[in-house]
Amino acid sequence: MADSDDKQQPKMTSSFWFDEEVTADHSMRMRMTSLKYDKHSQFQRVQVVETVPFGTTLVLDGKTQSAKNDEYVYHETLVHPALLLHEAPKRIYIGGGGELATARECLKHKSVEEVVMVDLDGDVVDVCKKHLPEWNDGSTEDPRLTVHIGDARSYLVEGSDTFDVVVLDISDPIEAGPAVHLYTKEFYDLVRQKLNPGGVLVTQSGPAGLMNHTECFGAIHKTLAASFRTVVPYSVSIPSFGSDWGFNVATDRGDITSKSLREKPPDATDAAISGRIRGPLRHYDGGTHLCMFNLIKAVRDGVEAEDRVITEANPVFMY
Amino acid sequence: MADSDDKQQPKMTSSFWFDEEVTADHSMRMRMTSLKYDKHSQFQRVQVVETVPFGTTLVLDGKTQSAKNDEYVYHETLVHPALLLHEAPKRIYIGGGGELATARECLKHKSVEEVVMVDLDGDVVDVCKKHLPEWNDGSTEDPRLTVHIGDARSYLVEGSDTFDVVVLDISDPIEAGPAVHLYTKEFYDLVRQKLNPGGVLVTQSGPAGLMNHTECFGAIHKTLAASFRTVVPYSVSIPSFGSDWGFNVATDRGDITSKSLREKPPDATDAAISGRIRGPLRHYDGGTHLCMFNLIKAVRDGVEAEDRVITEANPVFMY
Amino acid sequence: MADSDDKQQPKMTSSFWFDEEVTADHSMRMRMTSLKYDKHSQFQRVQVVETVPFGTTLVLDGKTQSAKNDEYVYHETLVHPALLLHEAPKRIYIGGGGELATARECLKHKSVEEVVMVDLDGDVVDVCKKHLPEWNDGSTEDPRLTVHIGDARSYLVEGSDTFDVVVLDISDPIEAGPAVHLYTKEFYDLVRQKLNPGGVLVTQSGPAGLMNHTECFGAIHKTLAASFRTVVPYSVSIPSFGSDWGFNVATDRGDITSKSLREKPPDATDAAISGRIRGPLRHYDGGTHLCMFNLIKAVRDGVEAEDRVITEANPVFMY
Amino acid sequence: MADSDDKQQPKMTSSFWFDEEVTADHSMRMRMTSLKYDKHSQFQRVQVVETVPFGTTLVLDGKTQSAKNDEYVYHETLVHPALLLHEAPKRIYIGGGGELATARECLKHKSVEEVVMVDLDGDVVDVCKKHLPEWNDGSTEDPRLTVHIGDARSYLVEGSDTFDVVVLDISDPIEAGPAVHLYTKEFYDLVRQKLNPGGVLVTQSGPAGLMNHTECFGAIHKTLAASFRTVVPYSVSIPSFGSDWGFNVATDRGDITSKSLREKPPDATDAAISGRIRGPLRHYDGGTHLCMFNLIKAVRDGVEAEDRVITEANPVFMY
């Protein structure tokens, strides 16, 4: 662009584009500079594409999972509110998390002694280690982290471990996608049994924008609310997803309410961060917390009005 | 889609798309069903397109101004925080506002006695009246509204009127666009002289997302801050714009601070709305207020770090 | 482009596109300036779109039928070789032909006394008359032309008329499209009975390019060859179709061979044109004839190797 | 597509596309499966992309040069008519030809004793050898071929060699592109001096379709006609180029005329091929020859009407 002899460059009349559908009638077009990896693993199609606006991007079954330029927004948003809700989390369970960036954020918490991560797809974990090493940022060297390849549900069923916080960093509930069973009441009941007293669950919960929050964000909220005493929805804009994105944090603790989270004084959040988290955060702080936990009216009303509870017998799929 | 004889329909292998660039490397594609109007006015290219995701959409010089399905988010966000900041606004000045939807929102305030709107482009006003009558929702019948076609700056310079609130609902500061002079310190100084004591100015302020807030959002904030005692930036996600969008509200009152707006109790906002505004709002309420006035850290830091003040001699243009 | 004050124009960052699929993996994108008509008729979706590269374009069920800038290539190619193959055609039957441009070309032949056109869809005929009057170029005023709205097959079955040349200007054989029954051996046998001695049939025959000639071009050829003594395939590049396009001319005359058509001296074609056709042609002449009747080896071999004969029981559909 | 468990696959909602502009208002979109190579060489941007419709494709400065699925059409069309025009060519000069496929075709001629190829860009030659080995098909092992990296013009100027046929397989004359000097009268005069008596020059000559033949096809023809006694234009449809493509063959021999080439009996071409060329050809034969040398009227008239002669002082650029 700033090339001094720009006039000497021939006009490029071709170009490569990564098109991602929001719906069949709406998509994002991102100029791409390379397609670094494109293979079918045992479970899904795994692609690593580099785009101009968002940098290196992991795409699973055609959906952007994380992009270099804004993955920190997603991963800080998923991890820190939940871990700070807990008094002093020691043992963390991550379901999914193949990019290893969720582990990276968990390991920043001084109280954390052990992180167990179970991702279904070893190829995804390997691809991320190789092509996106800055995403785990050395987490894999941290002796507190154990990575298992396998089914996140079976690991919980078969083991006797319990945890302080369970973080679900899994693909969207797409029909025939590998993660569809991890958004059901049956699964949330299982997680509840595996949480220590005072434990917290957080899950990514699909799109939460004005036009697309009805796909699954509310249904996941209501399903969690059928298992847990308190469930609080929140959202953040993720530019590479082309939408605001939803999360739900759930606990059986009685001293936490939606109202307390929605009106939490920024100073209190900032103090907790500086006391309990090593190193600076790029996204989450007291102001960001208020932005994320106060949904706009249309989305708030939509979540409230939702009446679907997702079960194995009555699944909900997003686009 | 739900057509019962769907199998009988031939596959459509062609399609019509409205592509809007976010940058040269990133765009949104929206399926369109008609192009209802497409002419050059004296000042700009005026198009009315209908898209599947966003409905009827006004496009000026290639940029979406308002779309049926989410225009209420934009217009409520522009108008209500500013008018509620004022104690009891009687006289409102709207610079721009061709869709007449900004006038519609102003007229909902019980205290308002007169709304003067000055838009440069009579064709835009006519097109909106004809093709988008639901946007003004009868405002043009309200005797409190006067619409002038002309330059928003000249009207203020030449007249002796003063106002309680000035709402700037104008095109983005694109190079050679008609509105570029309405984002300068010179113009803000003029507005300040035309405000009654306790008066408030609010202006749309361009994109305010993680990736694009540096285009002009911060510069407009800093320019206002060079004229006014208190200036508070805020933002909201507008899906048809493909981005979070920025606004700045400015006043010389000493009792208003950023902190007071960022931590305003939702009940206080809700009470003001129900006391001072006729009819239900679809978007703005106490929770939405907190969401909008608490910027995420990266944008907040970006606004703070900005050092450009826009003047006639040193203009700033967005993409 | 050559605008002298080009620097003053704001950059247009949005645009409207007509995308037409060649296959699911390959499409053409044409910048569009308006969508003039878009309705479902009783039989199909009828659209009139204006594009920069090809001008006003008729689109039926998602497929370009004719575009202003190159419709003459299609219509001259369909009509003149067949009519010149006949010694002195007086009575012409057009199946389809809604644009009225096929009639226009037939009426240029001095020998022609009557043209009967039967198109299924009255809306298409009306839309073309209204939006594309230059396509019929006054044909509808010519007393030799009669237009019936109805099924091209039923008209032949039910009437007792016979014709010198039958021109089939119908939609492609798309599954569930209205024209699929007009590409079968059963229909060709019917046409053969309705031809006077020395009669000629010509039909548009789908894409005939290197990559897509196997869709239906060869199958239509072989189906005709199961009914008629001599069938000669030919093709021409139609830019707005994004492909070379195929035609087949068929007759029971014994003095016409593929070889005679493929090696016809240009002067002979040019002499026939100037003797028998009123007014200048824009596309068809002796050189164009050789270009069109000499297929490239891959397509010629593909047609020869084809073994499908299309019947009501064994239909063939193109993409 | 035919995957038996197709129902089990999640819907892919993202996709990768190679868009190639025909003009700013018209482009082709091809689904791509990988971007195998993308670097700036010393002279141009070199990309190897794999698309579904056309296979592995070499792209230089944003323009498709050759694609696996139809490169044989381009290379046979460039080489065989010219070499068969010569009585018994022994020494061939290839200007450009980086894919090595032009050399491959030349080496099929039994009379050929030496092929000298001079391509500016060693990176292109290396990339093609590595990523597209089937394109040279072993040519590089043939002792008759010598490949020099350097400027095709300088090689001729500085050497004393003369040739029977000169084949110009070079990039289009794009402004600032590396090949622009190889389309001038000055260069053609040089080639003429380097041809042995009875020698033949052939050059690719840009797009030659109905809508784009005026870009440079005619101008290259007229420029050659200012140097050579006989110049014959011809064209062929190259699907991966999205257009008919033009070529010009030139000679000072008096016994060759446009008419003789346009009406050449197919048997004569077929006999020459079988007598003089080793192995079967996929594209060029007697019928294909007539197709290619008989331009459609609009293009023929356009070439005739052209009055530009390209010189160093008066260059012509295509889009």
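Labels A, B, C and D are assigned to the chains in the order they are written; within every chain, residues are numbered from 1.
Everything that follows uses one rule, which is that a contact is a pair of C-beta atoms (placed from the backbone, for glycine too) under 8 Å apart; a residue touches a chain by one contact, two chains touch by 3 or more.
In UniProt terms, the chains line up like this: A, B, C, D = thermospermine synthase.
Small disclaimer: the values here were computed from a predicted structure and weren't measured.
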Other chains in touch with both subunit A and subunit B: none
Pair of chains joined by more contacts [C-beta pairs], C-D or A-D: C-D
Copy pair subunit B, subunit C: interface residue numbering same or different (half cut): same
Chain pair repeating A-B, as identified from A-D, B-C or C-D when over half of the contact pairs by residue number coincide: C-D
Farthest-lying chain, centroid of Cα atoms versus that of subunit C: A
Where subunit A and subunit C are represented by their mean Cα positions, the distance between them in whole Å: 55
Distance between the centres, which are taken as Cα means, of subunit D and subunit A, whole angstrom: 51
Distance between the centres, which are taken as Cα means, of subunit D and subunit C, whole angstrom: 32
Residues of subunit A engaged with two or more neighbouring chains: 19
Chain contact topology (line, ring, star, complete or other): ring
Complex contacts: residues of subunit A adjacent to subunit B: 19, 22-31, 51-53, 69-70, 73, 209-211, 236-237, 239, 242-244, 262-263, 265-266, 281-285, 287-292, 294-298, 300
Contact footprint of subunit A on subunit D as seen in their complex: 7-21, 32-35, 38, 44-45, 49, 59, 61-64, 174-177, 319
